[in-house]
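One chain, chain A, appears in both complexes that follow, with chain B as partner in the first and chain C in the second.
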Partner chain A sequence: MSLETILTGLAGVLAAAAPVIFAAIGETLTERSGVINLSANGKILLAAMAGFAVAVSTNNLLLGCLAGMLIGSLVAAVVAFSSITLRQSQVAVGFVLALMCRDLAYFLGNPYMGLSGPRIPSLPIPILGDLPVIGVIFFRQDILTYLSYILIFAAWIWIFKTRPGLMLQGVGERPAAAFVRGANVNRMRYIYTLVGGALIGLAGPTYSLSVKAGWKGTISGLDGIGWIALAITIFGGWNPLRAAFGAYLFALLQWLGLVLQPSLPGIPSQVLQVAPFPLMILTLLLVNIGNTEWVERVLASLPESARHAIARLIRSLRASPPASLGTPFEQE
Partner chain B sequence: MNVELIGIRKTFGPVTANDNIHLRILSGTIQGILGENGAGKSTLMKVLSGFIQADQGLILLDGKEVKIHSPADAIHYGVGMLHQDPLDFPPMKVIENFIAGSPGKIIPNAKEVIARFNELQRQFDFTLDPQAHVDRLTVGERQQLEILRLLWLGAQVLILDEPTTGISALQKLKLFETLRKLAAQGKTIIFVSHKLEDVEQLCHRVAVLRRGQLVGEATPPYRIDELVQMMFGKVVSFGGRESYKPGEMALELKDVSIEDYRMRIGPVSLQARKREVIGLAGMEGSGQLLFLRACTGLIRPTAGRMLVNGKDLTGKGYHTFLKNGVVYMPASRMEEGLVPGCSLMEHFVLARDQGGFFVDWEGAQKIAQEQIAGYNIHGRPDSTVESLSGGNQQRTLLALMRTPASLILMEHPTRGLDIESTLYIWSLLKERCSNQGSAILFISSDLDEILQYSDRILVFFAGRVSPPLDAASTTVDQLGQLIGGRGWDAF
Partner chain C sequence: MQRNKFQWTNIAFQLGAVALALGFTTLVLILADAPPLEAYKNLFVGSFGSIKKFTDVLVAWAPLMLATTGLLVTFTAGLWNIGIEGQITLGAIFTTGVLRVLQDSSAPPTLILTLAILSGMVGGALWAALVGALKTFGGVNEIFGGLGMNFVATALTLWLIFGPWKRPGIGSMSGTEPFPEALWLPQITSLRLSIWSVVIAVAALICIYILLKGTYFGLRLKAVGRNMRSSFILGIPTWQYMMASFLVCGALAGLAGAIQVTAVYHRLIPSISSGYGFLGLLVAMLVNFQALWTLPVALFFAALNIGSIQLPIVLKLDSSLSGVLQGALVLSVIIMEGVRQRFLKAARERS
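Up next is the complex of A and B:
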């Protein structure tokens, strides 16, 4: 394999991770406010189809992306209304929506199957794009991939460094305490569910207009991405940086599955295709292993200095879900 | 700030929680609000702090009428409330808790806020680490954080709901000192409690509520019997302490050491005999909880031997201990003791193995009714446990306890309960001791409870364990010093 193949391959990994990042960070924002939106998988498919259809019909890429985000927000609005206002089970509603949106996407998408449509052009950044190695990997992408870079840091800063972000954490953690501090809990949950939904929706057109351009119905290869994004949200500890790490890891494993295939003829191709999923789970479990009791016991037997360093590392990796996740807030 | 409540009335369905209450509190005073559970103290304070709105009545702050629609509204007017279980965000840092909800720029200047925080806490000799996570703090420290936060937001009136529950004796002293300092600065302190001694020590004035009505006010020097009569309508008295007749060995510890990665305890040797009550005193997190949990088999000791009824159970698990008559009552009743959503009857079915595949509901109903009557639980067999008051939940836990028990281990058996419930719980426990020969080990942060009911006392301080002290010859002062880490050289 030449260096150039590897570099373009890695660039492809970054681009392929962009939609997963949108979805995982959208879900992170939603869950940070205390709402679980399980509809991501179907929503991404529906948004991909709708984004493609709009882009084909209007020949306008921006409208395509906006259509995807709108679909995401609309589906999120259903989740928000039924869980926040009607106090129904968020899990049940989200799950049903996930299945329904998927089938809706296949059904409504029939007329657009296999059409050739517009594709978001790549936009090398001057100067940065000319840098050796780094330029090829990072700065010869399309605008959505750049957006994914920005989103990672923007979301992280928002959640952990700003006043509204602290309140967002508080609303998900202990809505009563956030209420005492002046937060309008249910309004905040609506807003974050809708914004998160729009981001998850954006993952759709990112596929159908860029990463896997076009709409191919059931063989589009998008089914399952939403569930992966949900898993990344959880293993990512509701932290955008760690969620991004998960998304890049997933994309990297998928790419390795493809490029390693010719050099490992003994292994059936299916194994390499499926391998990213269990590998992903294993890696993320390792990251979260500090939550278990036996690790603490093993730690206790280590010498003082080593124990301190490891304990600190584990504590920084440890994450627990927002305490009020999935429970409606009732003001007295 | 002068606070005036005029004709406050609030009903919940058929229950009148506050009935035409008039109260005037002057700036610079510490006003006690006394009353047993359900007397309407919390409702009144929730009205003042904006949590709920009164059906009728006026609130005047410095003579001006205000309408308080939410807690955020209240703090805007300068009224802040410290809840019994501090309303903070446990997984977040101290400084993040401090900032959340404060007005200011979208990205706060952390350095500046930390400087301000430290300056504020220095006034009261608090030593909170701004970067510590709140879930690592004790309840007392979390209270300190909330007080600082409310002051920072400009609170002129500070309402404290049962603030001395669950904090150590030393933290209580510090809290009282802080409140006196604040009152001297001209702040208005409203101190809600059912603990007579706290009110007596601290308050400039006391208002007593009973069944939603203000039954009277008092000023120092307080006559305790008078206050008690106002609270309950009748006089309850603490029973005198009885000497126990020790029986056979219930629990024997031989050089037991316990460790987790924060703390190392022991080696401890202890012999607890039947009918004996042993109190475990110490600041929260001094090792008493670890010790108690080791005695239940939940934590394995790293060295030493443990014998229950003369049988060696070293290294065995919780279920083996349970089979040998060791029962354990955790402090968090709803989280670890009871199953929210299940009725009393279902709890009795779960606790008692009836045998057979199908549940005998008629039999269960009968058992539930017997137990409800026997333990004086205010509830029906189909009441869910979360609908019961704290005292009734505790009685339920006692009723669920396996009999016969040779060793009863309890965390904070009467935390958050009023005097009557406390007396009742202890009369039940004492009965167990004398009739069934159970030995009791209990943790409490209430020194009076420890001295009143224990035969012997173990004091914990940063993992160190005192030799058993004879409760009859120990004073509050001695105990307080040991808990605070003084006088350990004598051992």
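Up next is the complex of A and C:
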């Protein structure tokens, strides 16, 4: 394989990770406030279809992206309303929406199947794009990929380095305490669910207008991405930087699967494309195993020196969800 | 008197939920520029229009019913067994495997079929046990463990169909080589339905109903589902109970997969689970986990699936309309339940 192919391949990995980053960070913001939005899988498909349909009929890419974000927020509003206001199970509502939005996308998208539509042009950044190696990989992308770079850091700074971000953490970890300090817990949960939903929605048009341009119904290859994004949120330990790392790892694995295909003739391509999933289970296992009781028991029985090394390793991998995740808050 | 009034409001809210779902689906149809009444009529005629079509509905109903009854057990334990799709698939894979090994032997077909179906149950239970072990010993939430295992199961199916079990010549998406008719569950002449699959589904429902309502196990399982901490303190071995519920559900899901192979497709195909696992989750939620109600509701959902098959041919609409209506129904019931609770709370505070 020539250097050229590897460089463009890596650039493709960054572009392919962009929608996963949007979705995983959107979910991270939502879950940080204490709400689980399980609908991502269907929402991304519906947003992809809607974004493509709007862009085809208006010939306006920006409107297409906005349509996807709007769909994301609308679906998130259903989750927020039924879980925060009506106190029904977030998991149930999210799961039903994940299935229903997928079917809605296939049903309403039928007339747009296989149409050729506009595609977001790549926008090489002057000077930076001319740098050797780095320029090819990072700076000859389209605007959505640049947006994904910015979002990673912006979300990280927002959550960990600003006052509203601190409040957000408080709402997710100890809502009662945050409420006493003057936070309107349920309003903040609404806001973050809607904003997170818009970001998850943006993943849709990022596919249908850029990464996998077009709408091909059930063979669009988007079914499953939303679940991956949810797993990456956990893998990322509700931290945008780690989530982005997970998204890049996932995209890299999918690319490797395609590249290695010719050298492994016995294995059908469909198998290599799902290769990231077992790996995802394995990483979830690594991230979560430190939270189980028996690991603590085993650790306690080990000799001092070994215990320290292993405990440090487990702690560096471990991630715990926001303490109030999934539980409603009685505000009165 | 007061109680009676509340009962009427309950029924009113349930009817309201159905109206909401129908209203939403009609809106979707109008958005798609389709005639709503025509579409509903086609759904009905396509599922109950003739004996042949009704038996097709029963063909879909049996595995859906098996998946749903299995899910009642995991839901009772407070678990979201989203990995059920993979468990159905593994059931189908195990059944196909045993049939392949034994099809050229001299054993009587009845014995081969029985062994194949039983090993399908084992396959489903094993896959569920993996999800259960990931949850119990690895701390991996069953929703994500299950989802991942679903994808792995799909990959395994594809690998088998295109690899070791491929048809003579070249593997294709149409699946493995069909089994000889002697290895099919006996069918009613000229129909696709095997009466055995219906019998098995009804038997499963009865067993699960008794297990959950009439045994100590069911009672304790319910306690685990309601409040795991207190049940643990009261001496119920909680993780063993959760694991047992995974095993029972997995076995029933595997049975559904075995039915798909022995009574419906007579071979392994890539989408062997037909989505009945996820559909079963919807049915279980819609009936609010009451075992007996699953029978008619699963029948209705199966009818929607079969009825929607003719939509693309007659009205040039995508058959996913059935999924939209099913999802809308469950969602409206959940939302109306929330509204009802708020309404009742407000009414109580007033009186």
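In this section, the second predicted complex is superposed on the first by the 291 of 332 C-alpha atoms of A that agree within 3 Å, B and C clash if a C-alpha of one lies under 4 Å from a C-alpha of the other, contacts with A are read in each partner's own complex, and residues count from 1 in each chain.
The rule is simple: a contact is a pair of C-beta atoms (placed from the backbone, for glycine too) under 8 Å apart; a residue touches a chain by one contact, two chains touch by 3 or more.
Worth saying up front: this structure is predicted, and the values here are computed from it rather than measured.
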Partner chain in contact with A:R87 - chain B first, chain C second, else both or neither: second
Of chain B and chain C, the chain that contacts the larger number of chain A residues: C
Partner chain(s) touched by A:F22 [first = chain B, second = chain C, both, neither]: neither
First, second, both or neither for A:D103, with chain B first and chain C second: second
First (chain B), second (chain C), both or neither touched by A:V274: second
Which of chain B and chain C A:L230 touches, first, second, both or neither: second
Touching partner for A:K161 - first (chain B), second (chain C), both, neither: first
Partner chain(s) touched by A:F245 [first = chain B, second = chain C, both, neither]: neither
First, second, both or neither for A:F95, with chain B first and chain C second: second
Common interface positions of chain A, toward chain B and toward chain C: none
Residues on chain B engaged by chain A in the complex (per definition of touch): 46, 51-52, 70-72, 75, 81, 87-92, 96, 99-102, 104-108, 259-261
For the chain C and chain A complex, residues of the former touching the latter: 28, 31-32, 80, 82, 134, 137-141, 143-145, 147-149, 151-152, 154-155, 158-159, 162-163, 171, 278, 281-282, 285, 317-318, 320-324, 326-328, 330-331, 334-335, 337-339, 341-342
Residues on chain A engaged by chain C in the complex (per definition of touch): 38, 78, 81-82, 85-89, 91-93, 95-97, 99-104, 106-111, 217, 224, 227, 230-231, 234, 266-268, 270-271, 274-275, 277-278, 280-281, 284-285, 288-292, 294
Chain B partner contacts - residues on chain A that touch it in the complex: 157, 161-164, 166-167, 169-170, 173-174, 176-183, 296, 299-300, 307, 311, 320, 323, 332
